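Comments concern the structure below.
Chain lettering (A, B, C and D) follows the sequence in which the chains are written, and residue indices restart at 1 in each chain.
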Amino acid sequence: MQLGMVGLGRMGANMVKRLVAHGHECTVFDMSPKVVEELAKEKGVTGASSMADLVSKLAKPRAIWLMIPAGVVEKAIAEIAPHLESGDILIDGGNSYYIDDIRRAKELAPKGIQYVDVGTSGGVWGLERGYCMMIGGPKAAVEHLDPIFKTIAPGIGDIPHTPGRENVVSTAEQGYLHCGDSGGGHFVKMVHNGIEYGMMAAYAEGLGVLKSANIGKHTHEIDAETTPLRDPEHYQYDFNLPDIAEVWRRGSVIASWLLDLTSSALAGDPELAKFGGRVSDSGEGRWTIKAGIDEGVPTPVLTASLYERFTSRGEADFSNKILSALRYEFGGHLEKPAAK
Amino acid sequence: MQLGMVGLGRMGANMVKRLVAHGHECTVFDMSPKVVEELAKEKGVTGASSMADLVSKLAKPRAIWLMIPAGVVEKAIAEIAPHLESGDILIDGGNSYYIDDIRRAKELAPKGIQYVDVGTSGGVWGLERGYCMMIGGPKAAVEHLDPIFKTIAPGIGDIPHTPGRENVVSTAEQGYLHCGDSGGGHFVKMVHNGIEYGMMAAYAEGLGVLKSANIGKHTHEIDAETTPLRDPEHYQYDFNLPDIAEVWRRGSVIASWLLDLTSSALAGDPELAKFGGRVSDSGEGRWTIKAGIDEGVPTPVLTASLYERFTSRGEADFSNKILSALRYEFGGHLEKPAAK
Amino acid sequence: MQLGMVGLGRMGANMVKRLVAHGHECTVFDMSPKVVEELAKEKGVTGASSMADLVSKLAKPRAIWLMIPAGVVEKAIAEIAPHLESGDILIDGGNSYYIDDIRRAKELAPKGIQYVDVGTSGGVWGLERGYCMMIGGPKAAVEHLDPIFKTIAPGIGDIPHTPGRENVVSTAEQGYLHCGDSGGGHFVKMVHNGIEYGMMAAYAEGLGVLKSANIGKHTHEIDAETTPLRDPEHYQYDFNLPDIAEVWRRGSVIASWLLDLTSSALAGDPELAKFGGRVSDSGEGRWTIKAGIDEGVPTPVLTASLYERFTSRGEADFSNKILSALRYEFGGHLEKPAAK
Amino acid sequence: MQLGMVGLGRMGANMVKRLVAHGHECTVFDMSPKVVEELAKEKGVTGASSMADLVSKLAKPRAIWLMIPAGVVEKAIAEIAPHLESGDILIDGGNSYYIDDIRRAKELAPKGIQYVDVGTSGGVWGLERGYCMMIGGPKAAVEHLDPIFKTIAPGIGDIPHTPGRENVVSTAEQGYLHCGDSGGGHFVKMVHNGIEYGMMAAYAEGLGVLKSANIGKHTHEIDAETTPLRDPEHYQYDFNLPDIAEVWRRGSVIASWLLDLTSSALAGDPELAKFGGRVSDSGEGRWTIKAGIDEGVPTPVLTASLYERFTSRGEADFSNKILSALRYEFGGHLEKPAAK
């Protein structure tokens, strides 16, 4: 079927390629005319020079997919909506806050525009692996888009069927799912990312413990403010982290795609020397915690993983100064300089 | 080659089956003669009536694998060691604390007995998938046992090679690895389990947030001690958790073997009604945290996942009573009963 | 000066008593006519039969203080505002979300009504100790109310001057402070309560560790799923918690008013048997965490203390079931029943 | 009575001054002869030139108090014990691990030397305020030392009696307490310090949230990896932290001695510019967490406060690099440089 794609970054462009490779037709637009021109060389792809142009090149009822940063979706909808007509479908495939989806769906409904929110996971690997999609919005619109979702999704692939689901009828096994009403897709994607933060942190912390397992080889001074390592002979291991990440990939309980990537990252660079350790966070992790708080559901692991990222960027510095100041106040303790 | 196996529980028995299926010979012992008798029916398996009998039935240098609860390893070594001779290899494949390995290796060394510690992951699935093994101890002994490890391990299987490791020579890709000196195998396994706790908690918390995403449908009373949910319309989702766990298995960033199991667990029982939520912990999680503390390496996610387990068993009850008592003291607040 | 007080619960009534005892005049209203009647017996107190009646009995420019549950403030303002005139001051002394203050101040401004938000700490003890007040809103209105704040506040009392503040001119030393524009009072009070949660949890956890310091006296079974306590001789202490809380009150680093209350709570009931350990939370703790997340500032301690409360009320139960289900899936582990 | 004091740092010297001011006699020794000479000028103080000299100058049964860094206590005991006789009392007033106390008491018992462990809180302020003491060891020895403890302790002072303790007979109200058998004093002190870490972190985090409450005044760029602050108008406050810390000292629920010190620290230096935020930890915090883990008692708040300190010293750096590496692997995300 026909799809309009707005935003031709890594993910948008790869989706278009995946769609036309399976016989769909795509009309595409991006802020950069050069990017449009380049992609329009692919068979089945038509370039557009503006949002209005894109809309005019699509047959009704139109289906238009926005694959753009969450911060500019609002503006893009304001720009494109006036050109749309009743029956058209507008899809936000980015990382919008589900609360915005609820509002947008309500705002567009009087015009007869159906708003569909799609949380998309797969990163730069989606062209090859397919994208896992979590979908929210009106049932009829979601069903209308089924051929698109089926193509973008990974499908069953080599992945074994889940025991106990033999009689379950669901697109879930294909890698896409209508999760619920408006916002439901991004809600599930939000939580997905929250879990992702937690899993990443679990590996990172564990590898951190392995990395310092040779601490007993270093000497420590004795003073009133630090305690010597009691049993240095218990920390004499120089572990080969690349090999350890690799061995866990096979047969262990913690095998995962993130572990595959960890092994790959360590393979070339065991010290990860090219990274500084300033870790970004992009919204979904924060929103997951806020949702848990609203629900009264505790998420200590997911929250800890978010805070590690904040702290990695120096956001705890003032709090830490308070601690040092207090230690000075009650104990006369001076800060110790970093070890050389 | 020949191997003695002590302990024929799920894991020990499955390892023996996997070994004899690949042409190795196993002499086996268990506290239960019936279990020995049953397994001895398999081709290549010889039963033994005692540890001494097991030792006597093996050719020198012997290799004996203990696959028993961590709490009884000490006693088993005390019983079997007197029968062993210089050059024999004693393997602890259970979940021992690596600190015990260091001590045991030292204690057995004067007699010429080589002690090898093996952390084994794979659970009840190992017969089919193979077991991931993390190995510590003297290099010569570990190399001598290579045929055994190669057979028990999963091998490469269908799992793709890791980019960047094309020129790396290591058994890691086969699913087993000599990690370091005595204790090194169990150290790595300990951290593996710590990571496992963290990953499990990440999924559990995320699914908990999804489960309560319909909280806006319930009414809340207004009083001075609770705050009403500000935006009930944001929490109106009745998510299908089994389908969501399933859809994440394909193409998402959080795909993993633990997620496969989560999907399977939810498939039959979306409410998990047969579980009460009292979660055990078995040592490695605790030891991982202690190692991190000794090293000065923070592990907030792994620690939070351990504490969730403690709390699930009521271990925070007294602390919580303190909180209620304090709220009563300063605010006159009475505890609110559980909602019906 | 003259003040109207709406809401004669513990805090409102005590404030009125404190005000009239210092020569101010109060006109009071409460949903319960009986409560109004009772308080109106005090010298300097005039009862009112409705909000409108209360307004009519005050001289312009009026100052009216709402001391009611956060959940009903919105409704109360809607009811009283139509009776107010330009120049009147409306004070919300309860536990409103500061975001509501910002909005309300904007909504009331066109009518010339000045909205002042006051976060009030002191609990049931305020009549005797005075109330610590954190104030937000327009400077002129706050200054106009100074005689009221000065009377309700504790004053310097016996508390020593802070070294280094000899030349600081501020009402802070009196126990009240104009913190900033609208919402600023409740923002600071919100964070105050977040800190309160963290401090309470610190005491509660520490006392929990002391309480179980005799765990080495109990026997533990040995199985594959639990690890025995390695050194039971290190946990043989039956500590007297009431005495310990008391001794810390004098000269220790952790002396505080909350510790005073802890000692008092334990004095009568060392086991705190009358509490079940279901701990409420009332909004400010949650909002503090959300503010930290918006700011990107990590608050792991405050967050952990909030989550302890959620968990104490069973809100982690589903997540825990996931953990148990996963342990069953990969290891065949059954849940262990609670010890009798 | 007579006391030997070994170690004349801040705390040891101040204790001696407090003791002789109340009529006790002290014989003192320190590694620095100059320090001994200086203190020996005080009335009631006799200097000693060595441990042996100190022992020889005391009448039997001797009472000798070690007030030295935990890391050198072992060596000091080895040096002084040979000079002691049956009936003598050796007191460790430093920050020893209670597990060492248990062992030392056992080692010294055959010689008839009574070992008493005293956890001492009060920091540099003890000379003026007195020291809170938590005491472990044999009852007879502790009772023998009662005049010493009573003098060093703060006494009741101005601090009000705890309601409900009217009929309790205990030294706790004087600021010292025999907590239990050997190690019991340092166990309680250990937990005291764990609580101290948690309380300090509670204040530090809360003030951190207040410090960044003006974040809405800064602009944020929009890109795919960060989410803009949704409501910048909610974060427009430039709070005066010194005044806020001060106002909380009077009448608020979170008043404490640590808050007094916080106010003092902020008074001179609202930005705490002289501190870098590298926060030390000195053993007790770590041991508290380990004790909680052994007991199976969760301590999420205390643990989070410990980990904040680890992280402040860069100990999470490798884990953070793993996170950045993973984000690069799955999403092609590059690290963002620190804002200027």
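Annotations for the structure displayed:
Here, a contact is a pair of C-beta atoms (placed from the backbone, for glycine too) under 8 Å apart; a residue touches a chain by one contact, two chains touch by 3 or more.
The UniProt protein names, listed by chain, are A, B, C, D = 6-phosphogluconate dehydrogenase, decarboxylating.
All of these numbers come straight from a predicted model, not from anything done at the bench.
Taking the mean of C-alpha positions as each chain's centre, the chain lying farthest from the centre of subunit D is A. For chain pairs A-B and B-C, the one joined by more C-beta pairs in contact is A-B.
With centres set at the average Cα position, the gap from subunit B to subunit D is 37 Å.
In this assembly, the C-alpha centroid of subunit A lies 28 Å from the C-alpha centroid of subunit B.
One simple way to say how far apart two chains are is to compare their mean CA positions; for subunit B and subunit C this gives 43 Å.
With touch defined as above, residues shared between interfaces to two or more other chains in subunit A number as follows: 123, 201, 203, 205, 207-208, 211-212, 230, 253, 258, 264, 286, 294-300, 303-304, 307-308, 311, 313, 315-316, 319, 330. A complete topology is adopted by the chain contact network, contact being made between every pair of chains. Against subunit C, in their complex, subunit A makes its touches with residues 253, 286, 289-290, 293-300, 303-304, 306-308, 310-311, 313, 315-316, 319, 330. Remark: subunit B residues 98-99, 102, 121-123, 126, 129-134, 153-160, 162-165, 168, 170-177, 179-181, 183-184, 187-188, 191-199, 201-203, 205-213, 215, 229-231, 233-240, 242-244, 246-260, 263-264, 267-268, 288, 291-292, 294-305, 307-308 touch subunit A in the complex. Those residues of subunit B that touch subunit C in the shared complex are 9-10, 69-72, 94-95, 97, 123-125, 200-201, 203-205, 207-208, 211-212, 222-228, 230, 258, 261-262, 264-266, 269, 272, 275-283, 286, 300, 304, 308-309, 311-333, 335-338.
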